[in-house]
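Both of the next two complexes hold subunit A, though its partner changes from subunit B to subunit C.
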Partner chain A sequence: MPEENPPLRPLIPGITAQFPQDVTVLPRRKDMLAVLKVTPARVAEVAKYLRDVGSFEHCALVSGVDWVDHLEVLYHLWSDSLKGYIELTVDLPSEDPHVPSVTEIWRGANWHERETWDMLGVRFDGHPDLRRVLMPEGYQFHPLRKSFELHEPEELEVKARHV
Partner chain B sequence: MSDSETSGTSKIITHVREADAPEPEVPFAEIEIVQSKEFIPVVKENLTGMIQRGMEAAVKPVFNWAGRNSLFPLHWGLACCAIEFAAGFGARWDGERFGVVPRSSPRQCDLLIVNGTVTWKLSHKLITLWEQMPEPKWAIAMGNCATGGGPFRTAYSVVPGVDKLVPIDVYIAGCPPRPEAMLDGILRLERLIRERRG
Partner chain C sequence: MTHGLWNLRIKVDGELIVDADPEIGYLHRGIEKICEYRRYNEVVTLMDRTCYVAGIAWEQLYIMAAEGALGLSPPARAEYIRVLSQELQRLSSHIMWYAAYVQDIGLMTPFLYGMRDRDLILDLFQSYTGARMTYEFMRVGGVRNDVPVGFTDRCRKVMDWLDQRIPEYEKVCDNSTIFLDRTKGIGILKAKECLNDGITGPMLRAAGVARDIRRDRPYSVYPELDFDIALYDEPDCYGRYRVRMEEMKQSVRIVRQVLDWLDRNPGPVLAEKVPRFVGTPSPPPGKETYVERRGYPKGRGFSSMEEPHGEAMAYIINEGAEHPYRAKLRSPVFVNIAASKDYLVGYRVSDIPAIMGSVDVCVGESDR
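Up next, the complex of A and B:
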């Protein structure tokens, strides 16, 4: 068990007791109060618990990483009273990744989830308006996937022809 | 009517005749003698009458002269090149001395200056603006981004050259081009329009 931050001492056992099957405590990273790995199905419930019980009222970032063999979705949550971030990570399969949306919990996650869908192709179930943000509607690729190769412009142009 | 006004008017008309209108029988003399405050109505009447008499070929150079000396670019900015575009119409470079006045509506424009990076997401809007402009119209690609994608040429989101979207008449190199270069591009376009005579 890694060394815990004192303010989180009651919270971490609480959350692992609440979700024993679904939450794993990972080693702390720099600038993070704690790093929790969550199974995809229970993300929304863990997030709600962290907001209501753990006072993480601000969702600062939803993003993703393509680790080639799997995808990872990250949530950085900020607590004003603890003055620190907690990180949630979710491992997803590369093929057809789905994860519950946290937009109903933090409205600010809306565009973050849209961007993650746009760039990495992660579907956020229950999102009110999951459209692309940076690329035009009808674009067929998710350019931050490692499998998306940086092509010559002419080829890219053919790829991007969406009208 | 003062003497200076008369001579000013005839000077402009003489310039048109020398530069553009080889037909000697064009009745420009009628125009030359009008009083300057009636200049526009009489010109309009003359030109309309000439078109009605089937002398469109003789009228065309006048429109060409008027059009190329009053190019109205669309007042929009896309990226860093737009700062140079704005500077080009400020006090120091004063693009308006060439009759080039940026307008805010594409309906009032006959020149599209693409001054910056165009992403695929923006490409629809660019084409819409271009189609909203009335004919005759021209387009200038200003800067490396508009010409060929610039530093973002291989990015997944950037159009590698706006000539994929709209027909470009003049390309201006530079990242960004200086305002002088932009004005030079506009003057080159004026020369191009004069040569086309259309």
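Up next, the complex of A and C:
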């Protein structure tokens, strides 16, 4: 059983009752109020619920991880009244990953989603302006994918010597 | 405070700004990617370069997340030295901002004042880290070395000096009609908009929202220290200036408390059981055999802290190897620039230096 967290006691049963198929409560880490696993299709609705009912008014971070066989998108939300972060995690397939955008809910998520698209190639459906942000437009790769190999300096040196 | 490393496209109607589209990435070095190929302590070098005016803040941010991922905790004296470094860094970063910003607006003296006094703080840094900007001082499990003999007295002298200087900084600005005309009522972004845009740090506190991670979600030894959150109720450039001035006074207050504690409590500054992370070069991340052979505990580390520019976060995933599997950094400046359309539209072209300066842009950390 996941550990209960007193400040979130009314919220977590509420959210699992609202989205019984789509939200799973994962074991809590000590640096998070709660960790929730959400199915990709309902992310925006769960996020809206957390903002309106759970008072998570600050979307601090949207990021992603490449687990080689699948991708994980992470949302970190902050609440001023609960004084803590909640983590949402979403599993996506490696090929053609899509997830609804939360930019409508928090404008601050805009560039975080652009960066996640830029770095990991996750498509945020409904994003108003999903361009690359750090890499140049027209760049072919998503550099934080594990398939994007970074060459160590010594390897480059060896190659240069053979040329 | 950085000039020239990023691009702001604006659409104007005469002198009036009607649309803005900031463009960054010119200083992108792929720090998050390089982290995946470096051992835990080697990453510290990269963190200094992430934000070159507040390097030690990013060192601690990363170290706290890495310690969470590896399940380590530093000794108390190391925590106090870290907080001391944080607050000295906040002072030097805000003084740097003050010097550059007020010069942008048209006053020359503050630049000279600011650069001179910032050097005194950099001298202090040099005396215990050996460097003035890229310190490489913190280690997973503590800090590299203790402060030298006589450091606390030297540091107190600098704090006494700053006590006199900060009111003088304020006098130069508050008695200048040029400064007041160019900052008051310019670049307004109200609290509700700030929250929606994810804006943090002095910009948010100038709008009257009392969010300071040091107080709200205390890390390190901040719960034991006495300080106030700097707040102002005018969400314009002038309000941001007032918040930073007040924060400097509070930092001086914190530094004094930490110095007293350091005088009374000698002790070790590095945890005893720290994996040394030396050995054969690391194979590519994600290789199972390697993970099992080493057997460091798997885990995820998360840290968030009040950096001079706002709320910074680090998220480190440790898959049992000698290097992070994934290191994600949240830069407050990245988000604050992203919202620039909301506080630029409706003002004049000549207001841009005043408005963007008040955001305290450090492109090193927004591009990473």
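Note that in this section the second predicted complex is superposed on the first by the 150 of 163 C-alpha atoms of A that agree within 3 Å, B and C clash if a C-alpha of one lies under 4 Å from a C-alpha of the other, contacts with A are read in each partner's own complex, and residues count from 1 in each chain.
What we mean here is this: a contact is a pair of C-beta atoms (placed from the backbone, for glycine too) under 8 Å apart; a residue touches a chain by one contact, two chains touch by 3 or more.
Given the structure is predicted, the values throughout are model-derived calculations rather than measurements.
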item: Touched partner set for A:29, first subunit B, second subunit C, both or neither; value: second
item: Contacts of A:106 with subunit B and subunit C, given as first, second, both or neither; value: second
item: Touching partner for A:143 - first (subunit B), second (subunit C), both, neither; value: both
item: Subunit B versus subunit C as contact partner of A:134, first or second or both or neither; value: both
item: Subunit A: partner with more touched residues, subunit B or subunit C; value: C
item: Subunit B versus subunit C as contact partner of A:40, first or second or both or neither; value: neither
item: Subunit B versus subunit C as contact partner of A:14, first or second or both or neither; value: neither
item: Residues of subunit A contacting subunit B in one complex and subunit C in the other; value: 134-136, 143, 148, 150, 152
item: Subunit B - residues contacting subunit A, complex; value: 119-121, 123-124, 149, 153-154, 156-157, 159-161, 164
item: Complex contact set, residues of subunit C against subunit A; value: 24-25, 28, 30, 32-34, 36-37, 68, 195-200, 209, 211, 216-217, 281, 284-286, 300-304, 311, 313, 315, 317, 325-326, 328, 330, 334-335, 338-339, 342, 367-368
item: Residue ranges of subunit A in contact with subunit C within the complex; value: 29, 31-32, 57-61, 63, 65-66, 68, 74, 76, 78, 80, 83-85, 87, 106-112, 115, 119, 132-136, 143-144, 146, 148-150, 152
item: Residue ranges of subunit A in contact with subunit B within the complex; value: 134-136, 139, 141, 143, 148, 150-154, 156-157, 160, 162-163
